[in-house]
Structures are given as C-alpha cells and as structure tokens.
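Chain IDs A, B, C, D, E and F follow the sequence of writing; residue 1 opens each chain.
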Amino acid sequence: MVVKIGFGKLGNIGSAPLLEFLLDERAERKDIEVRVLGSGAKMGVEQATDVAQKLVELKPDLAVVTSPNATLPGPKRLREILTKANVPTIVISDGPAKKAVPEFEKLGVGYLIVEADAMIGARREFLDPAEMSLFNADLLKVLTVTGVFNVLWREIDKAVQAIQRGKTLTLPKVVIDKNKAIESSGLSNPYARAKALAAHEVARRVVDLTVEGCFILKDREHYTLLVAAAHEMMREAARLADEVREMDKAEDVVVRTPHYDDGAILYKRKLLEKLEKTGEA
Amino acid sequence: MVVKIGFGKLGNIGSAPLLEFLLDERAERKDIEVRVLGSGAKMGVEQATDVAQKLVELKPDLAVVTSPNATLPGPKRLREILTKANVPTIVISDGPAKKAVPEFEKLGVGYLIVEADAMIGARREFLDPAEMSLFNADLLKVLTVTGVFNVLWREIDKAVQAIQRGKTLTLPKVVIDKNKAIESSGLSNPYARAKALAAHEVARRVVDLTVEGCFILKDREHYTLLVAAAHEMMREAARLADEVREMDKAEDVVVRTPHYDDGAILYKRKLLEKLEKTGEA
Amino acid sequence: MVVKIGFGKLGNIGSAPLLEFLLDERAERKDIEVRVLGSGAKMGVEQATDVAQKLVELKPDLAVVTSPNATLPGPKRLREILTKANVPTIVISDGPAKKAVPEFEKLGVGYLIVEADAMIGARREFLDPAEMSLFNADLLKVLTVTGVFNVLWREIDKAVQAIQRGKTLTLPKVVIDKNKAIESSGLSNPYARAKALAAHEVARRVVDLTVEGCFILKDREHYTLLVAAAHEMMREAARLADEVREMDKAEDVVVRTPHYDDGAILYKRKLLEKLEKTGEA
Amino acid sequence: MVVKIGFGKLGNIGSAPLLEFLLDERAERKDIEVRVLGSGAKMGVEQATDVAQKLVELKPDLAVVTSPNATLPGPKRLREILTKANVPTIVISDGPAKKAVPEFEKLGVGYLIVEADAMIGARREFLDPAEMSLFNADLLKVLTVTGVFNVLWREIDKAVQAIQRGKTLTLPKVVIDKNKAIESSGLSNPYARAKALAAHEVARRVVDLTVEGCFILKDREHYTLLVAAAHEMMREAARLADEVREMDKAEDVVVRTPHYDDGAILYKRKLLEKLEKTGEA
Amino acid sequence: MVVKIGFGKLGNIGSAPLLEFLLDERAERKDIEVRVLGSGAKMGVEQATDVAQKLVELKPDLAVVTSPNATLPGPKRLREILTKANVPTIVISDGPAKKAVPEFEKLGVGYLIVEADAMIGARREFLDPAEMSLFNADLLKVLTVTGVFNVLWREIDKAVQAIQRGKTLTLPKVVIDKNKAIESSGLSNPYARAKALAAHEVARRVVDLTVEGCFILKDREHYTLLVAAAHEMMREAARLADEVREMDKAEDVVVRTPHYDDGAILYKRKLLEKLEKTGEA
Amino acid sequence: MVVKIGFGKLGNIGSAPLLEFLLDERAERKDIEVRVLGSGAKMGVEQATDVAQKLVELKPDLAVVTSPNATLPGPKRLREILTKANVPTIVISDGPAKKAVPEFEKLGVGYLIVEADAMIGARREFLDPAEMSLFNADLLKVLTVTGVFNVLWREIDKAVQAIQRGKTLTLPKVVIDKNKAIESSGLSNPYARAKALAAHEVARRVVDLTVEGCFILKDREHYTLLVAAAHEMMREAARLADEVREMDKAEDVVVRTPHYDDGAILYKRKLLEKLEKTGEA
C-alpha cells in the first residue's frame, strides 16, 4: 500500500522547507506519495481555509501541517477543517504552540513542537530576502545536527508505517526539547553531545531577542540591533552545530540512516562500511 | 490588483525550498497572493500532471515551476500543461536545463537557470535525511551570498510588477552564471566579490563529482568517497560565502533590500540607517 | 587625597579576580591605595565575618565586596558589618543578587549586578581546576568585550572621585543587563555591537543550564552533559567576543581608556594616535 | 586538621588571580581554610610590609605569595617578614625571579617560577582595563592547558598534605619550564602535546617584546606597536591552547582531576565515566 | 653507486620549487648526487637550449625537467636535446601537458602530469611578488596533503633505484589525477580522504578561472576580479588541505615516510613510535 | 642592457625556492636574464665548488647565493670562488650567518640575513618529504606577509638597476629583523602590523626549538616532540600571516607592487584601480 501524505504549509518555520524531503531524501521510496500545499508567507484564515480544503480533496492518509505559532487563527482553522474531514493530522510548529497543546489533545491531532525553531527577526529594517535565507540556512544546520529533524521524520515515518500495516494509528505528541533532540541525534562523543546541547539552547533562546525586538521595542536603532543580535546567536549555534558534525567526521562515526525503497530505515556509522537494515520504520 | 502566483515544485533543488519566501520575507506584501503545489521528492510524469492541473485550477497570473534537470519528462509535462492553459510560466532549474533552452523558447516559457545549484550526492550509502539537509543549508548560503537569489526574486518581482501594471509581460530568459550572480550580489569590497566568485565556482563544480559519483562509478567505496568529497566542496563554498558576508558586516556595508507592503524594493547599506525607496519593482 | 579602597571577596564570580586591577591596570595611580581581603572559595558566615572585620580595621574610604549570589548569609553578613561600621560599600554580584536589591536599598549599599556573570558548572564529575580556570578565562573575555567591566570600573572610579573631591557620595545602583553593557562597550560598528549583544545573551543564559545541572538533575550522566553544554556556551560567547574585538582591530577603532596617574581617564581610538584627556573620573 | 593557607598577592601575574580557587574549585574542601591578602596593582615596600604583617597575624600554616619579578624590594620584604615569623612560604613568580633563586634557597622559601607567565605590555598608550583583562584571559588559557597550573596547585597540595599529616615539610623548588609544564598537562595525543609545547614557548617569548617595548624603546609609535605585537602573540598562544583542549575533547580524553572534600585528588579521562580516587595529595 | 640526477627547471609550476628536496628532505642521502639548472621565469627556446646543454654536460644518470605547459617550444627543445644525448628524462608538468603525451611516448621520455598544479593568475594588475609567493605556498599545501608530491618523489625514487641496481629503467607515465593523488596520500580517515579529494578538485579547477582571466577577458576590472577569485579558490583548497592534516594529527595517524641515508623509505604512523624499514625504493 | 643574474643555491632555506621568481613574477622582464645553479640538499665543499665554478663560467653581472648557515665551509667556498672571479655577490642566509658578517665585509660580498628564516626540524623521526614541504609553505607565508621577501627582491632589484645604469654598485648589507621586515611590508592597519610583527617573532623563535631538538636532545621521544612543536609554531605564524593578509583584503588596501617589463616597480593599493609607476628600481 502506498500511503498518501498531504503537507499543508502556512507561513514558514525552520522545520518546514525541507520536511517532505526528510522522508524521501533520494526520491526512491515507493511506499509513499507526497503532495505539498502551501500559502507562502501569509497564514491568515483565508489562506488556511483554501489550503485545508485542497488538502482534504487530496484524501490523504495523513496530513502534516506546519506553521509558526499554531495558536493563531489560520493554523487553527487548518487543523479544524482537516480533523472535521477525519484526516489524521500532525501539527508541526514552534515554541508558542505549546499553549495550544490542550486544544490539540481535544481535536485529536498529533503534534511535534520544536523548541529550537526560533522566530526570525522580522523587522523591515533588518530582514530582507538574503537575511531571511541565511537565517534559515543556519537554523537548518542546528535542527539537523542537534537531532530535531531525526525526531520529525521518524515520528512521521512511524505514523506512515502504522497506516501501511493497518495498525492503530497513534499520532505523536512530542515537545522536542533539548533532551529529546540530543537523544535522537546519534552523536556518540559526549563532548559532541554537549556542544549539540549548547547549540540547541543558543538557538532556542534566539526567540527571546526576536520577540523583544519585534513586539516590544519601539526605537528603530534599538530593535534593529536586537534582531541582528538574535541572528548572530543563530549563526553561532549553526557554527557550533557544524563543529559537532566535524567532530563526528574526525572519528568516522557519523551515523547515517537513509531510507530504503520500501521506507525501511538503514543504518551505518563508518562512511565506507555497508548499510544494515534496522527493524525500524 | 493582487497578483496570484502559483509555485509548482517537482523534486528539490537548492533554489526551491525558500523561493516563495524570497518574495515576501516578512509576510507583509499585500500585492501578491501565493499558492505552492509540490509533489515532494518524486517528479515523474504522473506527479507533474497532477501538480500542473491543480496549478491551472488556481488560475494564477503567473506560474513559477522548479525542478532539477528540466529536460526530464515530468518537468516537461508540467510546463506543457501550464502553457497550454495560457498560464505565463517561469521555469527555475539547474545546469542541465540549459539543454532545454530551445524548447523553453519554443513553448514561450521564461527561464532562470542556476548554474551553481549543483546536484546533491544522491547515493544511498551517503545521503540520508541529515546529509540532505546539511547540503541544502550550505547551498542556501552560497546561493544567497553570491547573488543568485537576488536574481531569482528580482526577476519574478519584475514579472509581477508588469502584470500588476498591465504592461506587456516579458518573461525572464537568464542563465545565472558567475558573472550574472556576482553583479547582483550587492557586494562592494572587490575581495568580497572575488571570494563570492570563488564560492560560486566551487559550488558549480560540485556537480562534476556528484554526476561521476552517482552515474559513472560502480564501486561502492569509490563513489561514496566521491559524493562525500562533493559535499565537502559545497561546505567549503558555504564557508567562503559566510566569510564574504562577514567582510561586509565588518565594514557595515551589507546591502539590505526588503520588500515594502506594496511590493516596492527598499534599500539601505548601513545597518542603522533608514531604508530608502528605490524605483525598482 | 589618596582614597583607600578595601576589596572583600567571598567565593568567586567572573567579575572578581581582576577587579582591583581594572582600576589601576599599569600600577601607576597615585590617588588610590588598595587592599584586598578574600576568603578563597568558601563564603560562609564565619569567613564573611572575618573578612568584614579585617576590612573595617583597614578603615577604607570605600569597600567593594564581591560574591556569587549576594542573598546568601555570608555576603549578607559581610555588608551588614561594613555598613554598621559606616563604610560606604558597593556590592558586586551575579544575577540572583537581584532578589536582594530591596535589602541593598535598605542598608544603603550600592550595587552592581552583573547578569552575564553566570554560575559555573560546579559538578564534581566535571569541574576540576583546569575546567574552572578555562571557564573564567572565557567569562573574562565576555565581560570585557561586551562592556560589563567598563561599567564596573567606571562606577567605582566615580565613587572614588566623589570621595576625593569631597562631594556627596552617591553609590551606584545598576543592574548591568545587555543594554547597559553594550552602551558602555565603546564598540562602533553596529554589527560588532550586535555580536557583543549576542555574546552577552549567550553568556547570560549559561546559568539556566548550570542551575538545572547543579540543583535539579540527579542522574550523573545527564547533569554532567548539561554542565558541559553550559561551558560550551560560554566558550562560544567568548569566541564571539574575540571576534568582536577583532572587528574593531580590523578598522583600527578599538577604544582605549587607560587611567592616568591621577586617576583621570584618557581616551583614544586609533592605536597609534596620542591619548586625550577626557573630563571623566 | 584544617590547614590554614595565607595568600599574599602583590601586583599581578597570570598565575595569581585564580590561584586559591585552583585548590578548591567547587568550594567543597573541608581540609583547608584560605585567606587572601592583596595590595592591588602596587607592590612597593610599604604595601608589602603591610600585607606581610597581616599575613603573619593570621598565623597561617603555609603562606603562598605571588608577585611579578620577585627580585624587587617589595616581594623581597614580604618573604623576609614571613620567614622571620617562621611561616613556611612558597613564592610564585615569573621568569625574572630566577635570579632570586639563591636568595630563596638562603631564606628557605619554596618557589614555583612560571616561565610562561610573561609580563604584560604595560604602556599607557596601549594598556587599558580591557586590554589588561583580555591579556590575562589569554594567559589563563595558556597556563591551564599547557599544564602550568597543574604544577602550581599540586605542589601547594603536597605541602598542605605534608602539614596535615605532620610530615616534614619540603617546600617546592621548581622552575616550571616547557618540559615540566607539558609533563603535568595530562595531554595524551602527542600532537596535542607538541601544540601545547608550542603555545608555551610562544607565551614565554612574549616577555622579550614587552621588555623591549616597555623599557628599551622610546618612540611612542614603535613601542606601542611592539607591545601590541606581544599581546597578539599571547592571543595566538591562547588560540593554540584552546585548539589543544578541543583535540582532547574530540577523542574524549580530557583528564579531569577535581579535589574531593578531604583534599584527595580524583581522576577520570572519559567525560561520562565515574571518578576514581588516586593516591595523590 | 651514486646516481646523478640533473634537474632542469624552465619557468615555474607548483611542483618544481621543492622538488629536489622531496628526494632528500634532510640532506642525508648518500646514494644520489643532485644538480639543478634553471632559467628563472623565462622559458623560451634560448633558455631551454642553454639549460639543456649544461644538463647534458653534467652527464646525469637521470634528468628531471619541470615547466608549465610542456607543449611550448622551450620545454620541447629541452627534452629533445636531453633525449638526443641519451639522458633518461622525466618530464613534470601541469594539465596542458596532457596534449603532449603522444610526443612524450614517441621521444621515450617519462612523464608525471600534475592536474592540480593550476596556472597562476598572471595578470600584471594582480600578480606581484607577494601574490605569486602566497599562491605557491597554498599550492604546496594542496600538492603535499592530497598525495601529489608522494607520487612525484616515489616515481623518481623508483627510477633512481632501478638505475642503482642496474635494472631496466622504466620511466613513469602517470597523469596524477584526483584518484592517483588520494591513493598515494596515506590518509586513513575516509572523511579526510573526501576532504583531500575536494581540495584537489578545487585546486584543479583554478585553472579554468586563470585561463579565462589571462587569455580571454579583456576588461581590466573583470579579469582582475577573476584571477583574484582563482587565488581565493586556491587559498580555500589549501585551508581544506590544512584541515585534512589536522584531522590526521587529531588521531595521531599522520603517515611519515622519510628517506634513510641509503635512499630506503622508512615508515611510521604514530608520532612517537619508531620508524620501520619498508621494502620500497 | 640585460643584466645577467646567476643564482647559486646550496641546501635549502625558506628564502631560496621562489627567489628568482620574486624578481620576475610574470616572466615579463626584458631587463634581466636569470640562471640558477643548485646542488639540492647537499651543501658540502665539493658541491659548492662545482656550483661556484659553473656560476663563474656564466659570467654573471651579479651572483646571488643562498644557503642555510653561511658560516659552513661549503657556502664559504662558494663565495670565495665568486669573489676571486670578481663576480659581485650577494649572500642570502639565515640567522646563524650573522656570525659571518665580518668575513662578508672582508670579502666584499653583500648580505641579506633573514632572521625569521628558521631552521627546519630536521630529525628523521619527524621530517619526511611532506613535513618538509608543509614547513616551507608555512614559512613562505610568513616571509611574504611580514615584508621579508619585499626586502630581498628590492635589494636585488637595486643592485640590478645600478648595474644597468652603470652606477657604482653598492651591495646590500642588511640583517632583516622584525623592524626591517615590517617597515617593508606595506601594511597600513597598525593592528595588521602588530600581528605581522608577532608572526615574525614566532617564526624567528622556531629555531630555538629546532636547534635544541636537532643538536642537544638525545631522547627520541623528547626531540621528536620538540621539533614537532617547532613546526606547530611555524604553522601558527603562517596562520597569523594569513590573517594579516585577510585584514588588508577586508579594507581593500593590499599593496601590490608588480614589476613592469623594464624592471620598474609599479604600485597600487585598491584591487580594481590602475597601477602607477613609482620612481623605484
């Protein structure tokens, strides 16, 4: 059976742009069929409704929806329409989404809340296309190396597998904090793990500065400096993440877990050894 | 008038994941409405047909379609359906798309061919979700700092503006090579420009190794090493791009060109100065 | 008039070890006479009483006392004895001291609370003499470059000057947060300021991890990793601080404010230019 | 028995600011009681006499005195008063102290002479509070990683232990040169040892430039450049020291030797393993 | 028997300046006698003729001749004179020499063609003595670490040994491409090998930019930027090579293969272990 | 008039391998004709005699001879034969050559003694072809950036010019110490100059370790570590030199002084500006 996954993307968070490719990094999986529907930067109720309806029309076996701050009306509408149509739905969102957990539970949607997926410094005086792209590139490094992305794709894979095998579908309910991330990172050297933890926490704290810079400060020079500082923090977190990856390379212990054609997760640690099948996914 | 842009994404290239956000980095533009339709990693004719039909149903004023190697049957079908439905279409693709230029001309689609958007090292023994994500993060840095992304969003903005103002729509026909990229980079220090050129060329040459590693070599150890080397090249290119950005920061000459609510492009160079309106877009 | 300053040091914080030398970096000041009394790592009531009594015996014109967490009984006793003996006293302490501000106000002591002076990762499995020293070295870099130390010595200098000139002595009441620090840093390039802000905030957040690692977690492996992560954060903050200093060097704009023999603060920005007298201190 | 240690500090050297904390890095030792008496930057005979008398009044079981250039009259007076009062005394000083060794022997004081503890670039046009602090931060890194600090605290610990156990007290007589330092560094990788040696020697040679810059050259621009160069050398030495520490982390072989509550030295190499008791100290 | 080797150097390539020292790095070999004859930067027929005649007069057992682009008339003349005089000759040259291979075969000269030995950016507006030297320093790092130099000296050593032992002399016929280089590099960590491959390929591609910059572009600003970019690429390649060497140091696995007095090649991997004799050379 | 320069090279020092190319970096000078005669690594009297005689046969207008330690019998013989034949001769050698200055004066040879051209770590357990090459690459960077090479080629150029113009030939008599080097470096930022000074001094001190490691220590492990440390020092010096160059690039103030076809020295500072003729050489 081929599982049809519908991705609904409202606005952008660091976890969203490569999400569907995390499931099928080499375009070889025969067990899933993917469609993505997005509304670009806007995430109002109007956009959400449209995206949701088109997702429902797809009749997906599973919907995965991403947005910043899932408590906002747009993302809320999106998941309401999906659940009303009985589409099993996983919400992926950033830190503020933690406030919506009771509502998620009530609706019966799964959730993967990514604490390190910090809000960008969205001030016009600072954020232009280039700055936006570089922030996302840094954030991608952090989310990858600290293990966050491993949690995301593995939880979706688990749901896919349950659907495929006709098992009861238990949707994930995970707040991906520093501990959850690092235990999924595959890092073996404890100093690499400590550095990954540090990178995670630096990234997570970026939001303190972007919130202050975007919503609290009124003086142009002041908020511009602060959101710039926030992006410098993310750059540092990315640099640390890169250093962690290099530590693993230096000992030839980079864990690799590619997907096989049937969706199985393969595994190896030494670059030139053969892949093994794991029991997973 | 609000211009409706439909993005159609088949498979992944480095230019694709943040493309719609390059147009509206802070979600403030009132002059465009965006929808994205994607098929995930797969880019066969079946997926392409489905994506194309849904795009046509959206009745967009402009379609922007992305895929690796636009000469493949999937991407070809996508643009045929769009042009048949009279949707003005811009194809964004990587180096191999240059062979399709005569066909683009014939179909009347615009094209933006990104030479530095090199193919990933898609060997199962090497490429897993983490490696895929890190390669894309590195590539994003290169495409941003070397000016490639500036060409992409400015060309789309130009088309949007023409539609908005009811002017004749001239779709872009650009191969973004090292010269085109760097002249759009906004970099002022000539050593920064030289380093950006170097980063661009290192990134562009990645594809020589990934093609050899993915399609020519048969020995597992040999091709694994080669695609790993390709990703190391991209990491170096990204490191150099990062260094270039830091050079600009060191002199407080980072060009910032955010979009205003009405789609106008603002401009400044010193971080704490005010933005100016430019005549553009 | 030579002002006699008595430093009382209980335990260690990053602001303490070089404090007296910040006032007289080349041992040329003729307007102050300094004595330091410390109790080493221990900061109990017994040690505090002893240090306080000996400080009182010195009959200093000004006392400057340092300790971690000034709400603890030892530091409390220290300042009570000093104020009882009518010694004008400035308390320098770290973040938790903010809770003691009302008490400081009541006692009439001045205070300089250093938010970035984060608690060390004091777990036996992790902290040995070498790790302690390296953490302090990193912290020194952060406190210096982000401007924190400039606040400390300038505020003490102001008090010294008031005493010298027979003016009413107004003791400082300052919580040195990111804004206070950076505005005292002398950094001119806004990106350098943004990076300094980032370094400050990364350093400040170290305490979240050391508190969790030292007081909350019980599992050895878990808390060891966490305090190690905290020190990695401080190392990153120091690396960023170093980068900031290098940015200033790259443009030959490092502010230098040495003390003249009479305690006056001199000033220059270009390395090879002459010093100017400022009106200050 | 609790051993009372009196630290007497005249002026500053890199070995001094954290010295007492090297003995009790987590404030848990129950076998020692520490008092510190210092005179700040000045180290004249007057200050020395005062510090010495107050140290004698403390009736310490052991005195540890630090100063630059122990051949100067101030430091000389300090140790004379201490030895006259029969206080067992260890002198810690920098390279020029080697000339005083015969006098140390005659007086019966122990000595720990730190060759790498190079004189700061004490020129008013260059050295301000920030530069002073950064130099010390760099020097701390060098003295820690190259093993110098391990020699210092272990030799003091040995003396403490002898006093505690009522054994004959043999005071240390050690010139800590590159060999002595590195053999105490705990570094295992020979390249890490070679780099530590290099860092030590670069730091040691700093004094050649600071002496020329402070005492020989008369031209302002010339001496300013030279002392600036000296600090750049120390920064390089610190960078190399940091690199050495990272090499050890990369293989998870950082030696940790924390003090137990009773002053015993514990030991481990892998971050997450348990500490072992060693027979030492 | 002492083998007399005559080196003839016309112009400069990266493989040339240290070539004779690669054979006898500590000046201890008793089995060879070396003479070098060079014409400096010029490599015309006149210079070549003179160098060749003097080389012939030396009556060497083996001639090794270096030049850029061995298809030029000068280098051609050089090898013709040598072969006419029956001197066994090995040509070492850069990429363009591949076109001369048929002629080499016909003449019976051996050849070692170094693909990564890229042409310098020889534009007057850019290349001065300092830039020339720095480019060569970077290139030396690349050629050393990626294994190219190992091929060069081993092939010459093999020829020397054959002559010494009176064996039939088979001159080398090797194009040193990325595979040949890396397999001779002695690197063990596969990520180090991948990085070395990347460094090799970045260096090899430098020539694309220098050729365009030197021979195709006419606009001063344009070609200056391009040759500057080419040198930035080489600097990156060198940085990567340096990183590779450091990876080997970090694991204490740097292969060392010094020559013994009799020309035998010794071997070890751990820095502090003893050398072993190998059967080679 | 074309000036014929004969280079005689015995053994290797860092100043030698690229020396002739420093005079004619793009092979365009029409005013000089160059021949190089070398003996490879060996520098005995026999080799020196042979090289000298062949140099004399060339009838050069000027001889430039390089060797380590010019006090050794080989180099001594070389210059004696040259002076006996009335060939104006400039000796280029390293630090130990300072002892031969009186003899140089007596013979009437010019000299350029390069203090930073430190002896390599010539221990068989350490120095193999790769290590030799990397040390030289690092040394080249230091000698280039700190200004040493500028002194070398300018002094030779001056002699060439004097010969060309039929002026009295005054041979150079220069010990290139840190001051001489840096004042010739063309560096403008004072921090860049300070860093260059630091790099020079670190490089200069390398010889202290290589001498101890090669001639004094007998224990294999001990001397191996020490010469390894010496090379780490040189690597640091090179890294610092590279940093200095990058500082200059960051402000677009890299001095470029290429030779014109007639030997004139051109000049510019901004990368994209035109070259100016200087009055020099």
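The rule is short, and it goes like this: a contact is a pair of C-beta atoms (placed from the backbone, for glycine too) under 8 Å apart; a residue touches a chain by one contact, two chains touch by 3 or more.
Note that the coordinates shown come from a computational prediction; the quantities given were computed from them, not determined experimentally.
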- Query: With residue numbers as the basis of comparison, which of the pairs E-F, B-C or A-C duplicates the interface of C-F in over half of its contact pairs?
  - Reply: B-C
- Selected interface, B-C versus B-E, where C-beta contact pairs are more numerous: B-E
- Note on the structure: So, in whole Å, the Cα centroid of chain A is separated from that of chain D by 49
- Message: Using mean CA coordinates as chain centres, what's the gap between chain A and chain F in Å?
- Response: 57
- Message: Multi-chain contacts only, two chains or more: what residues does chain E have there?
- Response: 190-191, 194, 224-225, 228, 250-251, 271-272
- Message: How do the chains pair up in terms of touching? List each pair.
- Response: A-B, A-C, A-D, A-E, B-C, B-E, B-F, C-D, C-F, D-E, D-F, E-F
- Note on the structure: The answer for chain A against chain E in the complex is residues 249-252, 254, 270-272
- Item | Interface residues, chain F side, partner chain D - complex | 182, 190-191, 193-195, 197-198, 201-202, 205, 208-209, 224-226, 228-233, 236, 239-240
- Message: Touching residues of chain B toward chain A in the complex: what are they?
- Response: 5, 7, 9, 11-12, 17-18, 20-29, 32-43, 50-51, 54, 122-134, 136-138, 140-141, 143-145, 149-150, 153, 220-221, 224-225, 228, 235, 238, 242, 245, 255-260, 266, 268, 271-272, 274-275
- Item | chain A-facing residues of chain E, complex | 189-191, 194, 247, 250-251
